[in-house]
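The structure under discussion is supplied below as structure tokens; questions concerning it will follow.
Note that the chains take the letters A, B, C, D, E, F, G and H in the order they are written out, and that residue 1 is the start of every chain.
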């Protein structure tokens, strides 16, 4: 019977409450904050007339939120996710990583470490008290620097470290 | 100079206004409505205690919105996108397609038509005046039928055809 | 019964006519013009003795037309689609993007933003009244500059912006 | 110097004329006929109100032509290519293969032989004098049988075996 | 300078201690326990003469541990990871899911929800106090039932729910 | 200096002679025998008028030999490799596995264990003294049974277990 | 009935003889010559003590032959196929292409044109009377120049253009 | 009957003992040593406060061991596997390869030879008596040099060549 597929861990309340006390814990960014940050970044770019995609990716690699503004290019959804993944996984802003590689070509292999990575300006880690919990990535503005500025507006909207 | 990368089509306002009058037009679901429908579906499932992912995919195939509830399984993001893509591209609810294949095994190849498709209950087309403009997909509730009910709440929230 | 699979949105006439008036619209390049542009590009290259593939990709990312001339290299179909996708999605000619990256190596990550992209001369956006509706890509001529010239003949054939 | 990239095999005329007489030859379907067949199939479906994608794939596996009608579903381009590849590679109509598998489930592995295959009604081999030179695939009509009928109109348009 | 790449979140100690108190937390299975469970499963199968691969995948989808016994088949590494991912993501043993699909063919689409899934006996969720924190998967024994028995020995070794 | 790239392990002679005596060893099928078996299988099918691809895959998963007969279908190269991989990795003939799944649908997940697998008649393990060292796969004959017969001729040609 | 799967185009003899006289023809490299060239290249490298993989890829993109010497690195099979594909598709030796890109970085996008390409020394086109019919690629020797020398021995063995 | 799936080659004992004496043999790194090396590398990095993933890949390309430390970035599992594969397949430390490419840009194509490769500091071959049997890769420390130092601790732990 299909009821057999029901299992308690998917039920919202116990998920964050009941696990064995001996297991360690880690913080994560809840959907509510991830959505708030994403919407702030979309709006920041829209205010300047740019149609972008914005993604928030959890530190463990899963996409929490993806929003694609009307008229944004067909590549921006993947671009935003790639930048957010990179910022979350490496705990670094992607513009800094891109500059680092450009001046240290022996580190070009960083681009090949994981197929989900995009090392291009526009991704920044989401940190609270200097601990990385996720990354936010923006794609579609005319430059990576503008993308990154919109991402920073996302951080501000949720009180994350700047 | 990097300014060369700026181009007007990415600027929001002219995108929906100025193209050649001789070109045909098509309707699309704007981000605002796509977000509203997604959030309604996430909330509908959460109200019953289920942590799900919800995606809205445009008829042309691009993901407009993806939201993943806290605690949803690691597969639900892809599952929701696949169901939404299928519903948008084929203009059919995915539960009906799954039943059709189960009783007509010579149509099993429908599953292989496009790697983005997931033919499993939980995806429904978003239609206005009987015209498909997108699809919404839900993944993570205990059954596809529950997933689909949450998706329908998304349709209601934006006044789409039921 | 298989008739259940029939749905009205796939029927040609209502598709471009009946959607909810409250939904926004966007212009698109119809198949007729996409084919005309592609054939003109194939012929322009053939006239000079070059066997090429030509693709037209819609701004939303789907391939509208692909034509592969007899004797064109086995890579040209994918090359043409990648250049057309890039030009459509970014609204830029691919030769300019390639030059931009070559002189700004910190932007090399643009190549990784989307697996469908090919940033190499031979792709140009299809614009009417300065609004991007698609991209055309050519692959197989001895240089990207020749590829791009054939692509421009495609634009001329349909009266697109030059 | 970039001129070094020019090589004679890409020049159209010698391609079909000058190779070593000791090498064997094989027939192929030229672009002109592939386009004619594809357009006939698109039109046959459009006449009945269906928006489809049509592909012609050479026996060696490369896509010769892909045409996507306005309003066709986002999956139809891949679906049409997959059906055309299967028909060309196996020399069989895909509906027959699908029926064969449905009644011989131990042959389900045929679906996994090559990631480019789609075993679903709508693909037919293009033969002249009973020799397979290509395949044509149609996707997007309400049933595979209608898809296949449109494909047959493509065969008729170029005088291929029926 | 390369020192710029150092960032505190990768440093072990603060990772589990210092994040903002307002962020929610989730339990996870530490490497030490994941390794212990994997080794117990490898040994349980080896004792009966079977060479297997064993994987532990975190609930969020990342592979924590993979061990491949000498002489195990070339597919067993991927098989074990797929089973472990499925058990972790869905919170169900994979044998039960496989039986469910076999008797409810309209749910065959479950297999396509995520490319990382393998719905075949041999994967079981790792739960403490009925909360799923990971999955363990075994591949390479003569039957899925034997695979699953070895996986259960892994659970016992770390005191997880049975 | 490029000479730095030379390293002794790629030099043929020491590879099979000098490793640490404390490390265990495994037998493998040398290229000479793999080629002989493949050519015998190609010829066996050709004698009956069938154009096939034949692959030999080592037990560890690497393709040792692939031969594609003139006129063989475009899918046969991948099909042959998939069948050979499956037979090598699982140590079973693929026809038997296909029959097993057909009569035990709860084992359909075997098809998803590794993307390199093709469970369809035509692959047989290569064993000497009942130890699997490789697999041979044939694709392109009208039935999997004929494919398998040609594969068996490959085994006979090198004195492998039948 | 399974006999229905038999079709004449797979039968060897008519394949090269009976197609419609109105269809154009193209030359191809038969398996016999492809095998001869591959074996000569393997032997040339082995004579100098290098364990390599050698591939011959037809101009249309399909792998005709792949041989992997005992002890060759795990990447050499894919490397050899990629170099052979590139040489066949572009009609150029891959070392020349690699040098061209190194001195013209704006052409780096050539590497992304097709996922089957590897632009690295060791691949050369197989031409007869200056017409490209295939490519041969070698991987595993200490330098691309040595790989290429072994490939040239393959050309000599079958009397192809040097 | 499912018992038919049992086959002797998967049984541990005969695997390393009974094959035909006429077949050649090769040495391999057993799971016990691979695990020991991996754990030593994880601990070496942890001692300095870095959370890393460590992989050991056999010379034939299969992953023997993967361990991911708590808190390591989401990309480190793939990064470690890629570095280990590269070191095993090419028999070189990946830092040296990265430097070689950086100073010889015409060899950039080495990065594209196999999709499993990651040419970035942190991978070293595992050799005994100068014969490569596997590779070890580390990902997640602040620099590739630190990654490589941890990898070397893995070599020391099992007495491999330094």
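Couple of notes before you dig in:
In this section, a contact is a pair of C-beta atoms (placed from the backbone, for glycine too) under 8 Å apart; a residue touches a chain by one contact, two chains touch by 3 or more.
To keep track of the chains, here are their UniProt names: A, B, C, D, E, F, G, H = Heme-binding protein.
All figures in this text were calculated on a predicted structure; none of them were measured in a lab.
The minimum number of touch steps linking subunit A (Heme-binding protein) to subunit E (Heme-binding protein) comes to 1.
Number of steps on the shortest path from subunit B (Heme-binding protein) to subunit E (Heme-binding protein), with steps defined by chain touch: 1.
At the interface between subunit C (Heme-binding protein) and subunit G (Heme-binding protein), two copies of one sequence, fewer than half of the residue numbers in use are shared by both copies. Centroids of subunit A (Heme-binding protein) and subunit C (Heme-binding protein) (each the mean of its C-alpha atoms) stand 30 Å apart. Distance from the subunit C (Heme-binding protein) centre to the subunit F (Heme-binding protein) centre is 41 Å, each centre being the mean of its Cα atoms.
Centre to centre, using the average C-alpha position, subunit B (Heme-binding protein) and subunit F (Heme-binding protein) are separated by 43 Å. Under the contact definition stated at the top, the residues of subunit C (Heme-binding protein) that touch 2 or more other chains are 2, 5, 7, 9-10, 15-16, 24, 26, 28, 30, 60-62, 70-71, 73-74, 91, 117. Applying the touch definition to all chain combinations yields A-B, A-C, A-E, A-H, B-C, B-D, B-E, C-D, C-G, D-F, D-G, E-F, E-H, F-G, F-H, G-H.
Residues of subunit B (Heme-binding protein) touching subunit A (Heme-binding protein) in their complex: 2-3, 5-7, 9-13, 15-16, 28, 30-31, 35, 39, 42, 46, 49-51, 62-74, 77, 140-143.
For subunit G (Heme-binding protein) in complex with subunit H (Heme-binding protein), the residues that touch the partner chain are 70-71, 73-76, 78-79, 82, 94-95, 98-99, 101-102, 111, 117-121, 139, 144.
Listed in rising order, the residues of subunit G (Heme-binding protein) touching subunit C (Heme-binding protein) in the complex are 24, 26, 59-61, 85-86, 88-91, 105-110, 112-117. The residues of subunit E (Heme-binding protein) lying in touch with subunit A (Heme-binding protein) in their complex are 2, 4-5, 7-10, 14-16, 18-20, 22-30, 58, 60-62, 91-92, 96, 100, 104, 125, 127-133.
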